[in-house]
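To keep things simple, chains are lettered A, B, C and D as they appear, and every chain counts its residues starting from 1.
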Amino acid sequence: MQTNCAIELKNIRKTFGSVVANDEINLQINKGEILCLLGENGSGKTTLMNMLSGIYQPDSGEIYKEGSLVSIRSPRDAYALGIGMIHQHYHLVDVFTAAQNIILGMDDQKLDLSAVNDKVKEICDRYGFHVDPKKKVYDMSVSQKQTIEIVKVLYRGAEILILDEPTAVLTPQETDKLFAVLRNMKKDNKAIVLITHKLAEVLAVSDKVAILRKGKYIGIVETKDATAQSLTDMMVGRAVKLNINRPVYDNPHDKLVVNGLTVVDNEGVSRLDNVSFTAKAGEILGVAGIAGSGQRELLESITGLYPIKSGSIKFVNEDGSTNELVGKTPMQIRQAGVGMGFVPEDRLGMGLVGSMGMTSNMMLRSWRNGRSIFFNKKSPEALANKVWKNLEVVTPSTDFPVRRMSGGNIQKVLVGREIASRPPVLLTAYAVRGLDINTSYAIYNLLTDQKMSGSAVMYVGEELDVLLELCDRILVLCGGKVSGIVDARKTTKEEIGLLMTTVGGHEGGEQ
Amino acid sequence: MSEAGKTPLIRLVKRVKGDMISPRKIWAIRIGSILFAFILGMIPILMAGSNPFQSYGIIISGALSKPGYIRQTVKRAVPLLGAALAIAPCFKMRFWNIGAEGQITMGAIFASAIAIWFQDSIPALPLLTLMMLAGIAGGALWAFIPGFFKAKYNTNETLFTLMMNYIAIGIVRWLQGGPWEGRPGTQIIPMFKDNARLPNVFGIYCGWIIVLILVVVVHIYMNFTKHGYEVAVIGDSINTARYAGMNVGWVMMRTMLFSGAICGCVGWMLVSGANGTLNADVAGGVGFTAITVAWLSQLNSFAMIIIAGILAIIGKGSTTLQTKLNVPASVADIVSGILLFCMLGCEFFINYRMVFRGKKEGKV
Amino acid sequence: MKKLTVVLLIALLALSAVFAQGGSETASKSKATKIGFVVINDESDQGYTWNFVNGMEAAVKQLRAEGYSIDLLYKKNTTESAICKDNNIELAEEGCEIIFNNSYGFEPYMLEAAKEYPNTKFVGMTNCGSQVDGNPNTYNAFAAIYEARYVAGIAAGMKLQQEINEGKIKASEAVMGYVGAFSFAEVISGMSGFYLGAKSVCPSVTMKVYFVGTWGDATLEEAAANALIDAGCKLISQHSDTTSPALAAQKAGIFHVGYNTDMTKVAPNASLLSSRIDWTRYFYTFIKNHIDGKENKSDWTGTYAEGDVKVTDLNTAIAAPGTQEAMDKAIKAFHDGTLKVFDLSTFTIEGKKGTNETMYDSFAAVQGNATYDGFFHESELQSAPYFVGKIDGIEWLNAAY
Amino acid sequence: MSFLNSVVLLFAAAGAYGTALMFGTIGEILTEKSGNLNLGVEGIMYMGGIFGLIAPNMYEMAVGDSASPFVAIILAILASFAVGAIAGALFSFITVTLRANQNVTGLAMTTFGTGVAKFAGELRRMQVGGYVTLSNKMKFAFDKHFMPDFLKKIPVIGKILFDQSEFFYLAIIAAVLLHLFLTKTKTGLYLRSVGESPVTADAAGINITKYKYLATMIGGGISAIGGMVYTMTTAGCVWIEASLAGTGWLAVALVIFCTWRPINGTWSSVLFGALMIMYLRIIIKGFPIELYKILPYVVTIVVLVITSMKNIKDKQPPASLGLNYFREDR
């Protein structure tokens, strides 16, 4: 099998600032094989592959192509080595035709579009695509765009194809078509790397599976020896006893009733499909699911930030009356007296202002208070000091730009602010991502405090151990649909892992 | 792939947290760039056959050595500073308003209209107040139009505001030769009467006081008001602004109104103070220069005083240079241009770090 | 950090100040009379300011030859805005005893500076407001350029008459085009003089005028000249500052009469000659009088008879035969005082004889009756022209400006 | 004069000023296609205007009467192109390599360029001791309407298309070449991709930096030729800085007006030229003539607003216009 090796990565390490994205990774990619690179979001899969496609350079480590040491300084180098990557976000020029996009960056060739068309047709025939070379990209559907990306890579004779979550935006039928194409390529002795976290797909299409977790290489297995369960175990790690304190609130009652929520993104792809559930006061409702299954859209819909296609979101007031949130802007929701805290996934891009200090960031929730044209800096200042002290935020001062703080401290600032007003509903997305153990526990305790004070807390998380020990109930999303709502005290990690990765079969609806 | 196995010679890394350059170094780089610019600026002076040190000396003494010179320098700095203050909130919001020139002009037109219509019937104080309000309205209106289209249709504001400048100037030309012309054919609008003229303080029209007040006002607006806060949040991230419940489109329009209002105020000062009448040259390019002033000051109101001061000194001083050494006064534009280039370029060395091949990349 | 900037700037300032001392020393070693000259554009315009600067340099050269010690300080590329006032103030601060301003639009700003510096003499060239503003230190000067234009008009008329006589054009096709800057007295008076000069030798001549609304925009002047040529004009003249009308005429294969500067070099096949003001005598006299402690006239008008206005050498290669003689006859009559440009018997306004009301500029600084003795007395009540009669035979293609 | 006739004559006359605009516009289109918004066109055209005059002037003064007009024209083109290309390189260095804000850099370029041009003009004037110009032989060569008479006499189009200076045809050739380059060649396609989506282009292995530098330099050079054409034809080989003022900004407007298409750039340059001088030809009663001159800008805004309102994909600015690209920033 050694002669079959197309690319070998040795001791690859890549850091961004103080974050270690890839830590001493070793990986071998073979010809005539489909390798799945499996891992949760943030496990470093895409970063690793970007180093193969020339977008990043490793800080240290070596890359060997068929046994010889190579340096990939740019995408051009990658192409020269026969490496082609299809990124999750397509690299296509909207105003160009398919053919124009396909030949972009090709050397030593005249611009002879009819010859291009012929060659495209030949590729399509060989692997079973359909492409209209004269169509402009802005007129294309998502899957058509993806096809162009793949043809583009094949066109320049790539021997090694890397696909970054190619099925995320495809319908099941389109996915099947894609897999047929990939199998054809395999037969053609190409090396294929599929970055994904959908277990069903992994099992359906791959020969081998390499697993990354938190930037570290966990191992590689033959698909035929693997099961969804074994892969899940490797991907999420073994169950760890965390000993999170989980008191029971004596009087849980409905706080947020979501019914038939459906949203569509601006590309026309359905992001949430008929989602229904109830969040109760005095309860932490966990939301599990592979990244990109609709978590972000769910929270943003509730807070009024995401346009809703259909469905209803009702907030239950203390007196039992309800407030319909659909159709309201965030400000209208607040003005309607609906207290809501939201810790978004993108801390600096959405929840905080990176260039400002703690005090100014505290103000993001209170800036409009009072009638004066001046903002009131006193209460945010006090809050900032409180958060600084209580949550042990490490910062030189409350005016120090939060962008320059460490991830954990940034999150403390954000969570500290969101819980400060004791909101009846608290939504959190990946609240402990990138945080050390102590900080994580501090956050868990804060959320539990909220719960015990009667808040309905929604906790979108990625670590199943935490979800199991922290939450009361867990809502599992899969591809924008609810694949199950389970009691956290009774379920197992394995059950959730399966619900997260289930496609087809028993998707959607309450179980 | 002949260099296979080697990493590139120089590679750029954006500085991130923990990797920031020290403040002392930042200022060393900035000051170094200014000095470098002045050294480059010696080239044209040498070409004109003059001693560059003597020339710089004349520039500075020509701008500052006599009270009269200082007054003229201040007079040049006032609109520059005013316009830079106006632009700052827009740039803070990442709204590229390069229409200050037109907004000043439109403010000047509105203020002049009041002067021309009412200078015979209204005494100084109410007249000047009315003129100011009109100027503010004119500038704000002119800024609002591109702001509206940006908020509504995402129309490219850079190009829009740029076009608006020339329309405003064209309107002045029309007024100058048409409805408001004094003696027919002269293209001159008669000087305003004394009640429409701003009084002098220390020999300069009192615009300098107004603009200093504006420095404080803009500083307060940007740093202590809800509006300023919204602007800053939007400039950092539109998503965060939406998250915080801000109406991004409205804030854009409102900020343009504010920016235009200050420009309009500058326009009023120019017609009522510096010029005493309206002409097509009323803004005279300050709207453009002010953009670089605002940008190089990193949108800090007080730093703008220094930058506007430096440019005014170069501008004023070089007219003396021409009179004394026969070095063309256009040397001011060259030196200013070089200065701007150097200061723009030097930020690179603050924000990026170069990693050389062979040097082990590690923690810095 | 910021302190460091300030310290460095101060150091730079101090250093420069030391050098500057060296600079001013050389300037102050002789006790010369300082003369300031604020000009619009610079000599590169090859026309208006070029003509002024030449006159000034010639006058200063002459005075220096006579032993006067003079320092001449320029403020070039001055705009008609507050900058103009600043430049006047700066020259006054520099110790200039006389400051000349060469553009009409400078006057309001110059007058403001004049109030602040009563001991300095301010001269507004081509202006009219100084003599009535009550300031003893402000002066006006202009010249009877319409006389020179009359002479130049003779050359134009001779040429057209020649073409009629040779059968190249019909008598009714003898149309001249005139590119004017603005439709005010200075231009109207000049173009009327030009037309009357042409008419004196070519009775069937008519003229079309375009006003471009700018003094020195080559594009627009060329465009206007071309528009006139397209409208059937056989000869172009101008009261604007660039040479592009001459080029347009040359391109179209017709003739041209210029202004300010000899344009025969620019358009040798088209340009017959130019009229111009020679400012040398005025500058010379004014400065000399000042140094000698004599009074200067607050309002001065140069005339053909005194040599202040003149025409450049005739382009004999293309001029009609007998042109020089015809011009000399007129020039002699100017010297004698027997020829008046605005002789009421030579033109009509809307078919009637001109009256003071139809000819006198109601916006002129000085008002009065200039219509007596059978002619209109231009430039006598004030140096700046005030003739605005719309005489028959001249068609205004665009009235405004 | 019939109305049609005046329109024909108007456009024929507009060709002269339109030629300078055409070069300015075509150059800026090329620059903007690379995603660089160089607002320094005004400064660049200024520099082209003076150096395009100084070069043949020096040549003529050195060689004397035997100077060849052809060489002079080539020198003028080369000199103006070179100075524009240097300015383009400077702009690219500051924005592409040093990643400074493009708007601000462009404005600084305008200050700098106009300064250099005025300075060079005055310096040269002092050197030659008088004004800088060329002999008449040269002047005719620069503004030669070389098309045969029978073509000029074709009704309507004859005067518009065939009674123009050699630079008019050169500009049209440049526009057609640029059009072919952008639509029919591989390099042109790559260039457009750099301006539309540098991420894509970079991923496709296109050297973004090289394309941006070259496009901005060549674009700057072409724009600068426009300044030279103005000085050498309309202004009659004399440096009149004031009359060149605003031409560069008009070129920036034109780029928007012609929706980044060089072929549209040709006729729209003439159209803008016509709008600028229309007040001399077609007089609408009651419409103030100064307001004619702002028509080009009003029309441009209307085009800008309409294309953004309708969001017509093919008529938008290059998607990354004005933005800098740093690979690891994404």
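We adopt the following convention: a residue touches a chain if its C-beta (ideal position, glycine included) is under 8 Å from a C-beta of that chain, and two chains touch if they have at least 3 such contacts.
Note that the structure is predicted; figures quoted are calculated from it, not measured.
If you take subunit A and subunit C together, the chains in touch with both are B, D. Look at the CA centroids: the one farthest from the centroid of subunit B belongs to A.
Distances from each chain's CA mean to the overall CA mean are smallest for chain B. Distance between chain centres (mean CA atoms), subunit B to subunit C: 38 Å.
Centre-to-centre spacing of subunit B and subunit D amounts to 27 Å, using the average Cα coordinate of each chain.
Between the CA-based centres of subunit A and subunit B the separation comes to 43 Å, rounded to the whole angstrom. Across the assembly, subunit D contributes residues 118, 122, 288, 290, 328 that each touch 2 or more other chains. In subunit A, the positions touching at least two other chains are 77. Looking at subunit B, one finds that residues 173, 177-178, 330 touch two or more other chains.
Taken pair by pair, the chains that touch are A-B, A-D, B-C, B-D, C-D.
Contact residues of subunit D toward subunit C in the complex are 1, 6, 9, 13, 16-17, 118, 121-122, 125, 130-133, 136, 139, 143, 145, 230, 234-236, 238-243, 276-277, 279-281, 283, 288-290. Listed in rising order, the residues of subunit A touching subunit B in the complex are 16-18, 57, 59-60, 68-71, 73, 77, 80-81, 303, 305, 329-331, 334, 342, 344, 346, 348-356, 360, 363-365, 367-368, 373-375, 377, 403-406.
By the touch criterion given at the top, residues 184-186, 188-190, 192-193, 196-197, 199-207, 313-314, 316, 319, 327-328, 330 of subunit D touch subunit A in their complex.
By the touch criterion stated above, subunit B contacts subunit A in their complex at residues 1, 3-8, 11, 16-20, 224-227, 229-230, 232-233, 236-237, 239-240, 242-247, 361.
The residues of subunit A lying in touch with subunit D in their complex are 53-56, 74-79, 85, 87, 91-96, 100-101, 103-106, 109-111, 136, 138, 152.
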